[in-house]
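What follows is subunit A paired twice: with subunit B in the first complex and subunit C in the second.
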Partner chain A sequence: MDITELTSKRSLVSGSIILIILILLATVSLYSPGYTVVLLSAILMYIILTVSWVIFSGPTGYISLAPAAFFGVGIYTSAILGKALPLPIVISIGGLASFCLGLLVGALTLRLRGIYFAIFTFGLVELIKHLLLFWELHVTGTRGRFVMVVDYNTIYYLMLIIFVLLLLTAYLIRHSKYGLALQSIGQNEDAAAHTGINVTMVKVITFAISAFFMGAAGAIMATKWTYIDPYIAFNPFFSFMPVLMAIFGGMGQLYGPVIGAAIFTYLEEFLITRLPELYMLIFGTILVIAILYLPDGLVGLIQKLWNRISVRKHAYT
Partner chain B sequence: MLVTILDVVIAGLLLGGIYALIAVGLSLQYGVARVLNIAHGEFIMLGAFATWMLYTMFGINPLVSLVICGPVVFLIGFFLHKTLFRSLLNSSVSLDVFESKSLLASFGLLFIIQNVAILVWGADIEGYSYLAFGVNLGGAIFAANRLVTLLFAVVIGAAFYLFLTRTRLGKGIRAAAQDPGTAGLMGVNINHVLALCFGFGALMAGFAGGLLSMCYPIQATMGLEYTIIAIIVVVLGGLGSIPGSFIGGFILGLIGSIVTYIEPSLALVAYYVIFILLLLAKPTGILGK
Partner chain C sequence: MPILEGKGVTKYFGGLAAVSNVDFNVEQGEALGLIGPNGAGKTTLFNLISAALTPKSGTIRFKGENITGLSPCKICRMGVARTFQMVKVFPDMPVLNNVVLGSYFGMSPSMSSADAVREATALLEFVGLSAMKAIPAKDLTLANQKRLEVARALATNPELLLLDEMMAGLNPAELAQAMELVTRIRDKGITIFMIEHVMKAIMNACERIIVLHHGAKLAEGTPQEIATSKTVIKVYLGERTHAGS
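And now, the complex of A and B:
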């Protein structure tokens, strides 16, 4: 079997697996209880955050701690416009607002490399949070907002649509010359610039695209929470989770962050109501262990095992 | 008017002393050991809770506790570097990779230490009263414990500066900060020095925590706020510059005190605005290379 035949067979298999999973996900509300739909919505939300984090930070190696900022912008958009406009438009506006913030932050932080970028993006979340608190305290004189409530199935299907769009985008970026450009930026930024890549442009656009999906997810998720305030919307927790989930799942393949996010969300749903301290303790321990012993995440581990098995198979024949 | 200005300046210096101590610790950990330790504030919290526990349970003077808690926190930091960060350093291909890996690992540490503390001490706000009488300074009245805190912060900072500039080990640390590779060739036991620096960073945090607990209420989740302030001060003073961090701490304390006088709810916003402007305009800080 030559290599092209092998890859086409592989893509056919993985394509049909993805199709079956999507059909199952799309019809889940017909045959399963309401709780499954709620759990799946939460899983999809974290997958969206994690995969969109990986779109930018995976290949470039820039650690962004800004997901909470983009997510929060989406949440606040939904809270402000939710009663006035239909939900799909609100979600698009939430995404676009995050996209614009992403462009602005990207353009401002171009010159910052490595650790400075991580610090800056972390500061950004706190800055927006405290500005909003000040605004609510002194200008509007309110604290927090109520969000229009939407039923669980609508939330779930909207999340699913964004999820599919995101996977398509991530796949296209990965298999285009932009994906290659991003990877070369991650490996050696100066060399990438010398080969004619518009480093600035590629970084800013990709950062903004990833911000769009985080904002859209925030706009949908706000309708589930019914009440929000700056502390809920701009919780740095939503910056850390995607990073952990991506590292744990592995960023080498697109399904890595998906698996990482799914496992952790399930763990969270299971533990956070009963033993929140224990959950955060496990969270921290797994993060340290993953960084120490799983440099390529779960996916890297699976591939390593798989290679070992297939090598052995070839050795006997 | 004069009394008000004096009031604001002294309050700023009192705040700045703590900030300076915290920032010197972080500066050692990042400047020499290259670990941007997000869990720095957790060592402050450990120091604060240990001091609180020794005072409320055994009646030990908080200033005496410094001598007890400091070494314990130092050892925790020292062995953390010997185990966790050493193996990260060995497995990283470049310093950039090590910096991002250790940043993420310290996030993990943050969650581990904080939640163990919540399990042990609970999530409530605690506090005790020690030297809480007022002292009149030129018309403005300040609590004696805050003056003692400032005094200790300055003494500890100065002692550490002398240690760095006047002793052989201090020279080794400064050499390692400038160029670890060459320092190693010159006979500095580099792995040992890096672990020592990480330990000293934790020691500073422990001292700061003990001093803090005399003046402010403490809580198991208090760490992150101080970590953020420490990062801002370190960037303000110049990453890796220890005198810069010390001066930066007092500058930020003064700014905080002035903004608080004008509009209390804007103090944190002012810190972040300064921080972001600084990163954009002069990321090397006031005393950076």
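And now, the complex of A and C:
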């Protein structure tokens, strides 16, 4: 069997697996209890945050701690516009607002490299949070907002739509010339610029696209929480989780951050509900083990096992 | 009209004039050499041409058009490609993808992926790396990484190629191959501006040579004139002309 035949067979297999998973996800509300749908919504939310983080930070190596800022912008958009406009429009506006913030922040800061970029993006989360607090305290005289309530099935299906759109986007970027350009930026930005790549443009646009999906996820999630204030909306937790989940899952393949986020979220839910007093202890131990022994994340582990199996197969034939 | 023209090009690093008031012309189709002791400002001049740095004053024209202050990617897309003294390949990418990037984003940026791969494959053949196209660039020897940089630069389809010490650190066999490669690039009709410390290489490959010293132009002329110039010998070998023997 030659290489092209092998890869086409492989993509057929992975294509049908994806299709089956999507059909299962799309029909899950018909046959399973409400809790499963709520849990799956949370998992999808973290997958969206993680995969959008990986779109930009994975290949370029720019560690962004801004997810909470983009997520929070989506949440606040939903809180402000939720009662006035239909939900799909609110979600699009939430995504677009984050997209614009991404463009602005990207244009201002992407000349910073390494740790400086990480620190700035983290500062951004705090900056927006405190600006909003100031605004609510001194201008509107309120604290927090109520968000319109949406039933959990709607939340789930909206999340699923965004998830599918995001996977498509991530796949297309990864397999286009811009995916290659992002990689080259991560490996040697100067050489990339001298090879004709408009590095600033590629970085800023990708950063903004990743912000769009984080904002959209935030706009949906807000309706689940019903009440939000700046501390809830701009919680730095949502900046760190995508990074950890991406490292845990591995960024070498597109499915890495997906399974990383899924397992991580499920684990978190499981530990919080079953072993609340040991939750952080076990969670921390797993993280340490993952970072020490799985440098390429779960993807690396899977590929290692796969190689071992296929080598053995060839040895016998 | 020269293909590349610099007038009064000046760059300071702090108080140090790395390049001061340098005029230069590169003629269409020629191979021009740039030599000078360490720290003379050769690489800085290349960085100014390719816009890795912006000059403090002076203008640089490419085919009559002022390119001072443009971005590096713009200059590359206009047809000026370069290689680096300290090689800057994309280490974890397969050799082929290193070159494909040049085809994708160079002078003709609307190339289809099949065409880009075809062109990159042909260029790897041209520089003699076709056997290695699938391995990561970091696993190549220094000589091969330098050839890879040449292939990547050529993939952007340049009219002018800046080669920054392409021969440094190569063994005699590799050196001969590199010199032969320079000749073949010229045969494609590409103008070459090269920095080189390997005198044999530069004397053979270039019709004209510019000598920089302490950031200023010291001499300019044919290899013959440069090799016999009193001032150049003084700078390279010290006061007494027999010091080298």
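In the analysis below, the second predicted complex is superposed on the first by the 297 of 317 C-alpha atoms of A that agree within 3 Å, B and C clash if a C-alpha of one lies under 4 Å from a C-alpha of the other, contacts with A are read in each partner's own complex, and residues count from 1 in each chain.
The rule is short, and it goes like this: a residue touches a chain if its C-beta (ideal position, glycine included) is under 8 Å from a C-beta of that chain, and two chains touch if they have at least 3 such contacts.
All values reported here derive from a predicted model rather than from experimental measurement.
Asker: Once the shared chain is lined up, is A:Gly252 touching subunit B (first), subunit C (second), both, or neither of them?
Answerer: So A:Gly252 meets neither subunit B nor subunit C here.
Asker: I want to verify the contact counts: of subunit B and subunit C, which reaches more residues of subunit A?
Answerer: For subunit A, the partner with the higher number of touched residues is B.
Asker: I'd like to know which partner A:His194 touches here: subunit B for first, subunit C for second, both or neither.
Answerer: In the superposed model, A:His194 contacts subunit C only, not subunit B.
Asker: Between subunit B (first) and subunit C (second), which does A:Gly15 come into contact with in this model arrangement: first, second, both, or neither?
Answerer: In the superposition, A:Gly15 contacts neither subunit B nor subunit C.
Asker: Tell me which partner A:Leu281 touches in the superposition: subunit B (first), subunit C (second), both or neither.
Answerer: The answer is first: A:Leu281 touches subunit B but not subunit C.
Asker: Is A:Leu127 touching anything from subunit B or subunit C once the two structures are fitted on A? First, second, both or neither.
Answerer: It touches subunit B, and subunit C stays clear.
Asker: Tell me the contact category for A:Pro88 with respect to subunit B and subunit C: first, second, both or neither.
Answerer: neither
Asker: Under the stated touch criterion, which partner chain does A:Ser184 make contact with: subunit B (first), subunit C (second), both, or neither?
Answerer: The answer is second: A:Ser184 touches subunit C but not subunit B.
Asker: How about subunit A: which of its residues touch subunit B in the complex?
Answerer: It comes out as residues 61, 63, 108-109, 111-112, 114-116, 118-120, 122-124, 126-127, 130-131, 133-134, 137-138, 236, 240, 243, 247, 277-278, 280-281, 283-288, 291-292, 295.
Asker: Over in the complex, which subunit A residues touch subunit C? Could you list them?
Answerer: Residues of subunit A touching subunit C: 177, 180-181, 183-184, 187-188, 190-200.
Asker: Report the residues of subunit C in contact with subunit A in the complex, numbered from low to high.
Answerer: Going by the criterion above, the answer is residues 50, 52, 71-73, 76-77, 81-82, 84, 88-93, 97, 100-102, 104-107, 109, 113, 116, 152-153, 156.
Asker: Could you list, by residue number, the parts of subunit B that touch subunit A in their complex?
Answerer: The contact residues of subunit B facing subunit A are 36, 84, 87-88, 91, 96-97, 99-101, 103-105, 107-112, 114-116, 118-119, 224, 228, 231-232, 235, 265-266, 268-269, 272-273, 275-276, 279-280, 283.
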